[in-house]
Each structure stands twice: as C-alpha cells, then as structure tokens.
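Per-chain numbering from 1; labels A, B, C, D and E assigned in written order.
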Amino acid sequence: MKGYRKYFVNKLLWLLVTTFFAFILNFILPRLMPGDPVAAITARIAQGMSNSTGMKEFYQQYADLFGTNKPILEQFFLYIKNVVHGNFGTSFSQYPRPVLDIIKSSVVWTVCLQFPAIIFGWIIGNTLGALAAYTKKGFDKVLMPISIFVSNIPAFGMAVILLVIFGVNLKWFPTSGGYGFDLIPTLSWRFIWSVIVHYQLPFWSIVATAIGGQAIGMRSMSIYELNADYVKYSRFMGIKDRKIVGYVFRNAMLPQVTGLALSVGTMVGGALVAEIIFSYPGLGYTLLNGIMGQDYPLISAVTLIITMMVLLANFIIEIVYGLIDPRIKAAQSD
Amino acid sequence: MRKNILFLLSIFIIAGVVLAACQPAAETTTEEPTAETAVEEPVAENPADIAASLPRDETLYFNGQQWGSVVCWNPYSSNCNNAMALAQQDNARVTMFETPYLYNMLDGKVYPLLADGDFAWDAGMTAITFKINAAAHWSDGTPVTAEDVAYTWATHVKYNTQFGAANKDYIDTIEAVDASTVLVKAVLGDDGKAINPLLVQAYLSSNYVIQKAWTEKLEARTDGDAAALMADVAEDVVFSGPYYKFFTDDTKVVMVRDDNYWGQDTSMFGKLPVPTYLAHVIYKDNAAGTTALQAGEVDVSQQFNSNVQDLWLKDNLPISTYLADAPYNIGASLPTAYYNMASYGLDQVAVRKAIAMAVDYNTIISNAMTNQSATFTQVPRSLMNPTPGEQALFDHDAVADLQWAGSDIEGANQLLDDAGIVDADGDGWREYNGQNLHYIATCPNGWSDWQAAIEVVAAAGKEIGIDITTNYPEWSVYQTVVTNWPLPETGYDILMMWSDGAGPTQPWGRIRHLISSEFAQTTNNWNGNWGGYSNADADALIQAIPTMSDAAELKAAYTELVTIYLTDVPSFTLMYRPQSFHTVNESVWTNFPHEGDGTNPAVPPLDLTDGWSIAGLYNLTLVK
Amino acid sequence: MKNTIQQVFHSRKFVTGFSIFMALLLIVFFYPFLIKDDPLAIIGQGNFFPPGIYVNVYDSLHSTTYILNLDDAAVKRIGNTLGDQERQDIKDWLVAYGIPEDQIDIDNTKQLLTQWEENYDPNISVTDMTFARQRYYERIDTSLKGLLSTEGMIIAKTNPQTGVLEQTDTIEQSEYADISEVANIKVLPLGTDNFGRDVLTELVKATGVSLQIGFIAGTIATLIGLFLGLLSGYVGGLMDDIIMFFTNLFTVIPSFVLLILISFSIGQDNRGASTIAVVIGFTSWVWTARAVRSQVISLRNRDHVNLSKLSGHSTFHIIINDILPYIASYVIMALILQISSAILAEASLSILGLGPRTTEIPTLGLMMNWAMIYQAQILGKWWAYFPVIVMIALITFSLNLMNTGLDQVFNPALRD
Amino acid sequence: MADEKKLCLCGSGLTKIYGLGRQKCIAVDHVDFEISECEFVSIVGESGSGKTTLAKMLLGLTKPTEGEIYFQGKKRDISTLRKKKEYWKSIQAIFQDPYSSYNTFNKIDTVLLDCISMRGGRKLPHAKKIDLMEEACSFVNLKFEELTNKYPFELSGGQMQRLMIARIFILKPQILMADEPTSMIDACSRATILDMLMKLRKDIGMTIIFITHDIGLAYYISDCVYIMEHGKIIESGSAEEVILHPKEEYTRRLINDVPKIHEEWDLSSVSYA
Amino acid sequence: MSKVMLEVKELTTKYVTRFHEDIYAVDHVSLKNEEGKSLGIAGESGCGKSTLALSLMGYYFAPLHYTSGEIIIDGRNISKMDPDDIRRTILGTEIAYIPQAAMNALNPTQKVINFIEDVIQAHNPKATKTEIYELARERFEILGLPAEVLQKYPVELSGGMKQRTVIATSVILCPKILIADEPSSALDVTSQKMVIKMLRDLMDNGFIKSMIFITHELPLLYNVTDDIMVMYAGQIVEKGTAEEVVFDPLHPYSKGLMNSIIVPESGARHVKLSAIPGVPPNLKNPPQGCHFADRCKYVQPECKAHPIDLQEIAGERAYRCIFSQDYLRKAYKNGG
C-alpha cells in the first residue's frame, strides 16, 4: 500500500500542476481575443443614445466593474482569488448575471450526459473489440470495417444523422433541448421521463462515436494478449477457454482504462459538438454562447470547468487503474 | 464470461440510475420556480399542480424572440435580455409593462393603453397633455397615476438610463398636473416650437410607465448608484400588464396571466387575453426553432424560417404566414449596405452607384431571404418601407429614372466607363487614379441571410471589374468597429447594417438615421449613417420634416430626400425585411392575425406582444 | 525497403484504404479539368435545388417538337395535381359546405371538379377552419384551373406596335421535346446549396481544400512532434523532463478546448484556411511527440546506435541514419492519423463558426456549417450535408484503414 | 612476462549512479582495475552486476559519475567529438545481440565501408576498398561476394557476429570490448567466434575485454578474470587462480552452481531461502 | 523395466504461418519415458524441441496443428480424444507443462491462489476454496515456497520465485508426466540450481512420475536427466542414456554439440572446441535426405538421396545416420 500511496501522491501532484497551467492558459487565451468586450456592453446599453460623454461614463463604470483597465497581472491574481472563492465574476454577455450562476445550471446537464455516454461507449466498444479479437472469423471481418467506418464519421456528422433519422424522420425522439417544451422542471415522473427521452439522441450520438475507436484499440490489445504466454500456459493447465478469455479481456481492458483517461479530453470535444447540435443545455452550448458574446469570464470559466472535469476524470480513472492493476502497485514499490 | 455479463449489466443499471437521479437534482440547484412565482398575488391554481407541465391548450408558445437566458426583469435596464417582457421601442412590448399608447404599424396610428383617449398638443406645439385611464392599476392593486409617468421620466434622466439619454434632447420635463393628467413638455427650438414633436410623441408609445413606489424602493436598495440601479435583477418589480414571470431557466421563459389585470375593464379590452401562459423555449438556432415549429411545439414563430412555404406546400402542416404568398410578411425594414465614404474611390458616386446597380437583388432575395422579401421590381427602391402608407409619401414618377432593380452589369460598366474609371493596366480590375479598386464587404459572422447577401454583392463587384471580397467578424467585434468613426482603413469598405423598422416617427426616423450628417463620423454611434455621408440639403430637409404638417409639403420633402438618396447612393438597400417574421402554426390555436382577417383596427403581425398586435391575444381561439 | 513496401501492399486493409484515398485524390485533381465551373459560382436563384437534370424551359419551348400519343399523359398530369389526399380534402370541404356526402364520388374526377367549381368560393368561411386550411383550399382551387382542358397551351406575345397580345403558337398536350435537342441542360447530381451553388463541384473543391488543411496541419504536427520527440528521447536528461512536462500538460488539457480558444483569439479576420491548418497543427503534436520519444528511447540504447557512435558518426548522422528509419513507419502512421484528425478538427471548428473565414474557397466544414445554418437537416435537403459527412468519413476512413494496415505490417503481433 | 606488461587501460574509483533520490541505483561502485596490453581479460558477473555499464563507461558511451579512466597511462580525454573519434580508433566493441547491432536499413557493405573511412580510407579507390573488405571477410571465414549487397536480416546470427569481427579486423583497435558476443548464438557456432577473438589477439595484438555471465567460458578463454557483484569487483586474478581456487564465497558459489560434466554437481547443498 | 508413462509414436505436427505455409517442426518423433525416469531433449534453437514439448501435450491450437502419430499416456491413447476431454481429463492431471518463459506464464492481474483455484476447479468443479488453499499451501511448503506467495500477484515475485511458483502450480494435480521446456534458461545460475533441485524434489516426493526436460544446455541436461535425445531440424537424430550421449555421441551433429561444451572445471581450458559450420535447413522445405547433410563433414551423396531412418542399437540407443557406429567412432578419433 505504501507504493500505492506514492502513486497517488504523484498523480495528485501532477493534477495540481496541470490545473495551475490550465488556469493560466484559461486566463490568457480568451484575453487575446480581438475587440473590447466592455465597449461592446456599453455600446449595447447605450444603443440609441447620442451623447458621448454619457457613453464615456458608462464605459468607465463597466471597465472598473470588470477590472479590464487594471494591469493584466493584477487581473490574474484577482481572478485566482475570486475563483478560489468560487466566484467566476460577472458575465459580460449576460450582464449582470454571475458566471457561476450560468455555469451551475449547465454543468450538471453536461456531466450527466457526457460521462455516462463516454463510459458506456467505452464499455460497448471494448466488448465489441474483445469479441472481434476472440471470434476472429465472421464477426471480426464484418465488425471491424464497420467500426472503423463508424468511428470515422465525425461526431457532428453522427449527431446530424441520428437527428435526421430518429428525430426528424421517424420522430421517435425530440431533436433539441434537455426536457419537454411544455414542462417546468419538477421532481415528477413526467418530467423525468421527458428528460430521459431527450437524453437519448445526444447520448447515443456520443456513444456511437466513442465505440469505434475503443473497439479498434481493444481488438489490438486483445489480440496481443491472446498471444501472451500465460494464455498458452493456462490452456495447458486445462483451464477452459472461456475463463482464459476472461483473463485476456481483463488484462487487455486495463491498459484501455488509461486509454480512456487519455481520450476523455478528446471525447469531451466531440461531446460538446453533439450538445450544440442537439441544443442540449450543457456546457458546450454555454461555451458557444460565450464565444459569440465574447464573454471572457464565461469562456474562461467554461473552459476551466471542462478542463477541470477532464483532469479530474483522468485523475479518478488513473487512481482506479492503480487500484485494479497490480502491475502499477508493484512498479511503484520497486 | 457470465461474471462479465453481470458486470456489464450492473454498469448499465448504475448508469441508468445515475441518469435518472441526477437530472432532477440538476433542476433543484438551478431554479426554484415555486418560490419565485409567489412574488405577486397568488396564482389561481396551486403552482405545484401545473408545475410539471403547462397545459397545451392554455399556453401560447413563441420562438425567435428570446435567445439566451433571461438576465433580469428591470425596465430601467436595457441589458436584461428579456425578450418576452421588455422592449421599449417603436412597437413597445406590452406583455408585462405598459406604455400610455400603442402604435399600430398597419395604419400608423396610436391607440390608448394606459392613457385615456387621445393625447393633445397645446396650441404652440410646446407640450402634450394626456390622461391616465382611471381603471388602470398596478399588479399590487394601486392605481396607475400621472405621478408614476412623471417619476419614470425623472428617474430615466437622473440615472442617465438609455431611455433618458435617448430622449432628453427632445423632452424637457414630464409633469403630473393632477392624479390622472400628464403634461409632457418638449424642448423648444428658437422658434418657440418643439424642436422635434415626432420624437416627443413617439416617447408615449415606446416607453413604459413604471411604478413610482417600486422605483423608490429600487433607489433605496441601490443607494442611488446608477450602475447598480440598472443592474438590479428586479424580481420584485411591480407591473401593470397582463402577464408576469412564471418560470425561467436556460431553456425557457414562461409568463403567466395576471387574472386581476386591469385591462379586462370595459374601458379597455373588456376581457382577459386568452392564453393563460406565454411560453418561449430558448432555441439554440433557427434550425432548432424550425424543427419545433414543424412539430407543433411553437404557435407563433418570429424567427427566419428559410423556405417557409415548404412547411405547408411540402409538409402539409397547418402553418401559415401573414400573407398567403411571397414575400409572406410585410416588409418593414431595409437591411442596407453602407459605403465607407473614406475608402479609396468610394467617394466617387459612379463607383457607388455602379456597384449598387450590378448587384443581383433577385438572387439575394431568393437565396438569402428564400423569397421572403418583396423584389425591387415589385417595390422600386426608395427610403420607404414597402407598406402602402410609407410608399404613398413620395412621388414615384419623379424618381423612377433614378431607381434600379439590379443585375444591370451593362449599365454599371457604362457608368464607370463614362466616369473614366476603367481598367487601364489590363489586370481585370478597374482603377481610380491608377489604383485598383479593391474593397472588403463586411457583415457580422453567423448572420446567415446577411452573409449570403454580402456574398452576392461581392460577386457583383467582380462582374464589373471591382474586386470585392468578404469578411465576417464576430458581432462583438463588428459592432464595436462599426459604431466608432473612423472605420479601419481596410476591412470595412462596404458594411451591412440595419435601418429603422416601422414606427410612429417613420419614415422620417429611418431617413435621418440613414443619411443625416449629425451621426456621420461620430463615436459610439448606434443610430446610423455609419459610412459617414453628409449632404447639407438632406440635413435641412430632415430637420424640417418633424414640424411639417401639410401633406403636400411633406410629400415634396420626402421626394426630394429620395432623389438625393438615389443620386448620391451613400448606401443601398439589399432587401426588404419584415419588422418581425410572423409564422403561425394552427395546430392548437387559431385566429391569428392574417392579411384581411377582418379585425378593426387591423392587428399587425408582430407576435401578439408588440404595440397594437397585443390585441390579437384577445382574439385567439382553440382549434376545434 | 522495397520489401517493406511490398509487404505493406500485401495488407488488404492498407490497399483498400489506399485505393479509396487515391480515388479521392484523383477526383479532386481531375474533376476541375472535366468540369471547369467555378466551385463558388452562384448558379441557382433560390436555395437547395434538389439533385436532378435541369432543362431550360425557354429552350425546350423552342426545340423541335414531336407528337407522342401516350394514353397516360393526361392521367399523369391530373394525378400529379389531384392526388388521393386532394380528392379527399375537396370532398371534406364540399361536405362541410353542405353537399350531401353520397352525392360526392371522389373517383369521378369530372364530377368532382364540376361540383367544386360550382360551389367553391374563397370568401366563404366554412366553420372553424384555420387560415392555413383556407389558404390550402385557395391553392387547390388555383391548381385545378384548366386541369381537364384538352386544348393546347397558347403562347402569346405583345405586338410592339399595338401593345396587344397576339397568339404566336400553341403547344399541344401531346407534344414532346427530345432532351438532347434542348440547348441548355444542367445536370446537378447533388443539387444546389443554400447559396445556389452546385454542391458536387463545391464538394470536390472543398475536399481538396480540406485535404490541404489536413496535410498542412498533419505535417506541422508531425514535424513538431518528431522534433520534440527526438530531442527529448535522444538527448534525454533535463531536456526530456521539460519537454515531457509540456507534453503531458497538453495531453490532459483537452485539445479541442484549446483549439476553440486559440481560433477565437486569433480573430475571424485572420482565420484563413492555412492559418486554421497551422493552429490545428500546433495543438495536435502531443501524441506524435510521445510516440516518437518512447520509440527513440528504446532505440537509443540499441547496439546499432552504440556501434554507430563508436564508428565516430555525429549525432545528426545517427539520428538521420540510425534512428529515423526505424521510427519512419511510426511517424508515417502518426502523420496519417494527424491528417485525418486535422480534417475532423477543421470541420468541427467550422460547425462552431470558428472555421476558416474564407469565402473564396470552400472547406468541408464550411459547407456543413452553411447547410446547418440553412436548416438543411431539418428541411430534408440531404444533398447539402450528407455528401459532406460521407466525404469526411471516407477520407478519414481511408486514412485510418491505411494506418491499420501499416500497423499490422509493422506490429506483427497484430497480424491475424 | 610480468615485467614486459604495459598498462593499457586502467580505472580508478569508477562509479556510475543512475537516477536520483530514492530511485538511486548504483550500477558500478568504485571499481579499480588495470588491464595490460595484449591481455585477454574477462569480466564475469550475473545480470545486474554492472558489467555492461562498466563496459559502456570504458567505451566512452556513458559518462562515469565518479572516477577516472586512464588510457595508455594518460587520463582519457573524450570531451569533444573529435577526441572521442580519436579514442574510438583505439577501442572498439562487439555487442551481445547481433540482430540489434546492425542498422537493418543499411546494406552490409556500409558497415565495412564505414570502418574503412574511419581508418582514413575514405578516399581509397573502390577496388582497394573491395580488397580490404574481402580480406576482412576471409579473416572471419565469410565470402564477401556472397554478402555484398545483402541486408543484415538475410544473414544468420553467427554470420552477423562474424561480420562484426570482420569490422574489428578492419578497424584494428588496440582494445576490443566484447560484450557477451556468444550468448545469443548457438553453442555449435560459439567456438568459431571464440577462435576468431583469439586470432585477433594473436595476429593483431589486441587487448580483449570479454564480458560474460558464463564463468566456464571466462575460464576457457581468458588470461585474467574479474568477478563482479553488485557493481563491485570482488575478486580478480588469473583465470586458473580465480576459477580453480576462488577466495571469495560468491565466486565459489558462482562456480559451484554451474552444472559440470566431469565433476559432481552437488544439488544437496541448495537451499530455497 | 518399469511402467512406460509416456509413449509417443511417429508424432508429426506442423505450424501454419499466416501466409498459409506449413512448417514441419516435429517430424515423425517417437519416444518413450518410463516411470521414475527423466528424459532430456537437446538441440539448438529452431530445431523443434519447444514445438515437440507443445505437441506432446496433445492439445493443439493455432498456429500449431496435429498431423499424425500417437501419444499414449500411461497406456491411454490421447491422440484421438476430443480436445475438451483432453483439457478436462488429461491436461494438468496426466501431463503438465512448464513453459519456456515462466516470467510471463502467470496472468499478471491474478493472484497465484486464484489461478490455482481456476486450475483445480477446471478439473474438479466441486473443490472448495478452503480445500484448494490448504492443498496449495501444503504443496508450496513442501516445495520450499512460503505460503504468502499464494496471496501475491506475479509481478510481486522475483524471477526465480516466479519460476518456482509456476512449477509448483503445474504439479498441483500430481500429473504423471511433466514437460519442462527450458525452465531455467532465463535465470541466473543460483536460481537455476534451485529450479533443478525443485524438479528433483518433485520426482522424489512423487508429485510427478516422470519428466521430459528440454534445454540447449548440455551440462545441465547431463546432470538432470537419465536419458537424452538429440533433436535436429524436427527429427530425433540420436538417443541414449545421458552418459552415452555426452561421452560417446554417434551422430555427427551430436558429436559437434558435445564438442562445444564449456564448463568451469580444471582442464577445461585445454579442451579443443569444435564448431559446426553452416545453418540448419529451412523447415518450410525440409531436405529430402539427411537433414544434417549440408553441414556434415562426412557427407556422402546417398545421404541426400532419401530419408535416413533411425538406427536402433543396443538398449534404447538409436541414431540417424547411414554410417555404422564403429565407422563414426573411428572417424571422430581421427578427425578430433
């Protein structure tokens, strides 16, 4: 367990360092954008106003409010201080709404949509990949080209195709939103059902794009493992093939767990697009709005939250991986 | 293997449970609808009973108005992004707050709302008097008084709100003569008359009356700080209109009817508006909105639905627009391409006019607007909306020679050749004083119909040897650049912006914004004339028109202005666009305003929320 | 070397992928020679013309006409306007108007039309009919005018002297024109898009541009990855630590988020196709760097490298001769993956409206973006977006197939 | 004999430490040795004893953490590539795995041509180069005509290893570091390689440092044996002395644990601890 | 003569490559091993000795395929048995295997005891965990392995320990025959000795009845086994007692092999080593005649003409050469 603690501390340290850098990037990049957001706000407020001294007053007021007239370093420390206190500032585009408020309402949707979908896609992909590796013949010959092709349909393409087939043509599922257009969120079965129904298309479009890549990876890993010495040995010890396949899957799947950790970031990107296409009220959509409204605090916060989510997911997955794979523990205690 | 399957199964189940468990949890963290509805008098039904769903046959659904989440309910703020409740403009939105008068864009007249009877100018044209309807009362039961009107104005001025700043050059004071009589004093010119009576009048139909008691509460709360006052969320605001906030989140806005609304008094509508709820689902984009409209989840669509006719011709849906055929809606705004007068060569009328003549407007109208605009052969270009009222304001024959319908490559080439602007060096592009004519045409990114239109403009340039390329900055950048003179040296040679819609000051207001030099070359200019055009004759006419009362005199003045405009071509209209798109789905509600629907005065196609179109809400019936 | 290439071409997967990819390249290359149209020329007035062969109506009127006596011509014509649904709707109106139901025979076209003509009046509002329905009947009424007429269609012209319409020609219902004799025929195999552009021509051009973006981004990413991987793997030590720190950093920070931020930061005005390609390249080198590094580290201690050192070769020589050839296959595979992911990245960015600003050239992502803006997916205009998705999938599919094939050749454990 | 011995390569306090902090691993620990000219020295150790690291330090492929190496009585200086090149003219190596000793992308000729260039023969006429190569090949009983234009993977392991010796033959360094040159090839080819190493010493007067884990092999071939354990040299001396009369317990165990043919191999003493 | 535990008659198996080429790695091999005896198989790499070890198990999976011949274990012919029956009733209980690369022979993500559970339950589904644990603990302790090993993952064990764990696991069901394929070649000499000791103990304790030991290290073979067979290019070229084969090899190949032995013994320094030139034939197209002909210094034209049979001579001795034993012995004496 000592070795594992070291592993844990190591990963935790890395998490903190990465978070810090992500923090800096998140702060700087949106601020490199062209245009002056404060000017944009004041301009909007002052639409139809024809005296320019009033405008200057407005501008000054808002510049003070958002701190955009302070030195960038000071802004940065202010930003850190605020974020530590859970305050992401005030949104520019939805002024005077606090960013935290905007994010709070969308982050849960994203978490509930993306993580189950990504994990589910991962599980299905791995199962299919393992089956393909094991059965070889027909299944493999049919399944592999299909998985490769499906995994190459871009995330938005998959989303659009599902939308057209199941939403527009078959009308099985609604095409946008997180719950029924005629519902007010409450804890009622009707609402929950509506949420589940609205959940389907974005969920499956994320799952469908996640499957292919995972299946291909798992197939390779499984073939590699099937050739391992322990397989031969186990066979010669009279153990049933099915049981051996169990060993192989487990062992092949373990490296796939790290694969999952590393690809969560990539998948979240695709999932954001899926959210946008299905107008799912998650972070992807919020981010898009932030970008269009040139809303630094919002963009910073959304990208930070997404990055944090990915980092945290990575961290959790790696910690779990360390727990379930004895090889890691052994490697650490050396 | 069995163990594996069980493992998988358990994962599925867990995923399902997580899914089911976390969604409602999401909501409890975001909004507490029941708590917030209790601000005003309790709703007839217990909110919990209907909270789960809005009864379809009591709810009128909109789309195309609200984009993004609602920020606040504060009528002093212009930043609330609250399209269902707040819009103080020519056709003010009167669902929650009310103006003294309602403008009807169809007949150009105003009708009293909070006011009782018509307003009256005094003899010297210095002040307006009107009375407040005795029946009008606030949502807290107190009557609406002249003092409220006066205090609203005083507050606008005191805190320099947008509405105060926009009007204080024309309105001097607003006073309460007695509890029900309001006196609006205009700013007077040297001649002792109101300098702009049109704008003074317009205030009455475009600005809300806000309760004095609540305003004082707000002032106390914000401690006299202007920014704080305008940034207040105002969840507790007192209103006089028929609807108020029921529920909002990132995906929808719902307003509920106030069954104590004063308008059911016989002196006003005599009844309550029909739908109990007005709901607006927030769609991500037009595509999502169209889908919802198709699915019958939207009753009134205010967004641009491309190829709208397909909805009934191909999909056989019970959907219709105000007009039966193209352009389907009443054009009431002129999206316009402005020339940057400071750009090289664009100071030449010939260049400006040649480009404008070469543009293929039919393609713009059919491709960008999918024919939802009258063509320039149907309504020849001028400064007027294609409504009969405005069209009648100028002498068509007098300007016929100056008008162009587009695609006139030959004419444009001729014009340029005559002006000596030719391609001397043979590289395919014309030069002016030895320099190639190269322009960048710009409009905001993502404004699809404008972008499509700008593409056609660029194509036209190429036809006549002027190199026009396109550029689409983000709106946030675009607006900052366009509203601040000087424009950048490159990138903004031809820029597309809107023009005024329909309203009580039109077409005068539109013409002023298009060509008056008072806006030319200014910063923070949200009014118009972004290209920096100036013409003394036009300025003089614009200044004179508000005080003219003789019809013939007016017609002459307007004809003169159109002539100047078509001769100088400081900008050119690319299409006609309706004040608001108005497409309705009659699967639940019917009796929406349509051309020739027999209403008197006719209800304009403005979503049943703006100006006189609110009257349409009282006519709705359910489909049998 | 020759041997390896031979082996590579023995892999069925590689050959399939390679063939598809080459076919795409050939199409992109040769199409412009065959069809010289400007890919961005707006030819259609109106948007989303369905795929088909378009015959110029004016020209067909002036073509030689042939009389074909076909029995079903009239039936088809009537059937086209008066389908079962329309007949039923007409009946419904008539019943609501007050004609007894048993007097109406919807299969008797003549009788039905007569009844309709006699009774229908647009100004009569039948009970509780919505506006949409009223207008529907008005449209039916218009479309039925002259439907049963057996006479030809009269063509008339204004007499320039008198200003009076004079009949110049009659077109009989049995007249046909030979399509090959019509002067103007335009084949639009994939219809037009929202701008009225020929989708196929645009698609081919866009594929070329997207491939270019892929190549540029892929090459940049691979070069950066290769350089950093070599540096950190071969030099090792502190350099390795620093490079790996950044590599790990960029592995966990979602590159798509980074891409969004950077694309927006550089601003719309600066986002040309090549700028986007460069940005994509600069955000996607991480995997190549990692792969190259681990390969180099295992190679660094191989005896042939030691031997090469002992032979007095310079570091540069060793990297070029003793390291690069060994990692070449991995680098090529990485490049292929980078190309396909760059094409996807461009498309995804464009969907968000953060793609190349360019209006001079189309990209697959921009085509998709415009189709979405004009609601093609909702309106069933499949030709505007589906070929784009298929094209992207085909490109990445062929590239990945090539990659899998290579992988099987170079990693014998994966052979099946 | 002893008087004529000229010191060729010496090490004093040679130490190599990998890693830092808790992951520190001392591969070679203050090793001292003296190798005379024309001597056949074996360094014997089990895997992980640091013998290969020592070899790499002597070759100048790894920098010692501590300690000095003296070459021909002088402190070795390989601070620049030029000096390294010079040093490598005097010391060369054959590695354990013939399959990984070749750059599979280069033809066999390249290996030999490189050697010729290194000996300053870059500008020799082509025929002369061929002669040199043929000579080298015949030294190791290979036919150059059969090898020319071939790639390494077309050869057997034994052939590859012989070609490595041919390479040494061309280079003619003073010292040859042979790092387990026979451990990857079959027993019946082993003798050939060993013979050739001996011939190199005899014909050219090379000093050979032979690294092996096989104490029998060391005994068979070398004059002098160093036994390494955990990075330290624990015993050294002439082969007869060390193998037949080991002083250290470790050496004794090492010898005892190797199966014998003529002597008894005592299994009863084995404990599982 | 004791009971014959394993008899193999003319066993031929082949590999099928992915290019569908056949490699005859075991070519008509016959052997016999009696109770209480151990048989060694010697040969260079690629001679087919490992394939023989796999083939002897009677349980074939790709790329190895059975062609012909019989395997009789303790009088029971398993060649025609259903594979699943072999798995259930033969593997592990009748015949067991110790793989070449014992380092990777254990599933890295499974504790030793869990693997033993799987092994025992594959043959006796009714065995309870406690029974199995007790059995394994006892067996491990007898074999000098601490019981804690059972609760460990393979990665937590050292190389020697891992190999011994594999051996102990292989014999957990007391098989009649143990096939050890180079069980010690990857270990250092000390661990190697422990492994050999352990194999001896297995026999002594009766956990196995007989053993087939495969290695390329002749001194080791000489010390471990009673009989030795020399394999070359898929065929047995010589067999006899350990003593005979090492000190009196008959086949020219065996002779060459024995002449390459190096051991740290006094006098070993002065032995002349011999080498065999050339490379073994490609088994995709094995030569028609003597497989060794191309490398043999006594080769005659008829050697290559037709297959050479194994000549049986006194006792269990046999060799595959056209020459008589006397001729060969004389030639060796002269030729050195």
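Here are a few things to note about the model shown:
One rule holds in what follows: contacts are C-beta pairs under 8 Å (C-beta built on N, C-alpha and C of every residue); 3 or more make two chains touch, one makes a residue touch a chain.
Remember, it's a predicted structure, so these values are computed and weren't measured experimentally.
Steps from subunit A to subunit D, taking the shortest chain of touch contacts, total 2.
The minimum number of touch steps linking subunit A to subunit C comes to 1.
The set of chains touching subunit A and also touching subunit B is given as C. Across the two candidate interfaces, C-D and A-E, the one carrying more C-beta contacts is A-E. Distance from each chain's C-alpha mean to the overall C-alpha mean is smallest for A. Here the spacing of subunit B and subunit C, counted between their Cα centres, is 35 Å.
Separating the CA-averaged centres of subunit C and subunit E is a span of 64 Å. As a whole-number value, the distance joining the C-alpha centres of subunit D and subunit E reads 33 Å. Per-chain CA centroids place subunit B at a distance of 89 Å from subunit D. Shared contact sites, meaning residues of subunit C that touch two or more other chains, fall at 264, 267, 269, 353, 372, 377-378, 416. With touch defined as above, subunit D holds no residue shared between interfaces to two or more other chains.
Residue positions of subunit A touching 2 or more other chains: 34-35, 168, 175, 276, 288, 292. Inter-chain contacts, as defined above, occur between A-B, A-C, A-E, B-C, C-D, D-E. If you check the complex, the residues on subunit D that touch subunit E are 46-47, 141, 156, 158, 186-192, 194-195, 213-220, 239-240, 243-244, 253-255, 257-263, 265, 267, 270-272.
On the subunit C side of its complex with subunit B, the touching residues are 42, 44-48, 85, 128, 130-133, 135-136, 138-139, 194-196, 264, 267-269, 353, 357, 359-360, 370, 372-375, 377-379.
Interface residues of subunit C facing subunit A in the complex, by the touch rule stated above, are 248-249, 251-262, 264-267, 269, 340, 344, 347-348, 351-354, 368, 372, 377-378, 380, 382, 385-386, 388-389, 392-393, 396-397, 400-401, 404, 407, 411, 413-414, 416. Put simply, subunit A touches subunit C in their complex at residues 14, 17-18, 21-22, 25-26, 29-30, 32-35, 136, 140, 148-149, 151-157, 160-161, 163-164, 168, 175, 216, 220, 223-224, 227, 262, 265-266, 268-270, 272-273, 276-277, 287-288, 291-292, 299, 303, 306-307, 310-311, 314.
Across the complex, subunit C is touched by residues 56, 59, 61, 81, 84-85, 88, 92-93, 95-97, 100-103, 105-106, 114-115, 118 of subunit D.
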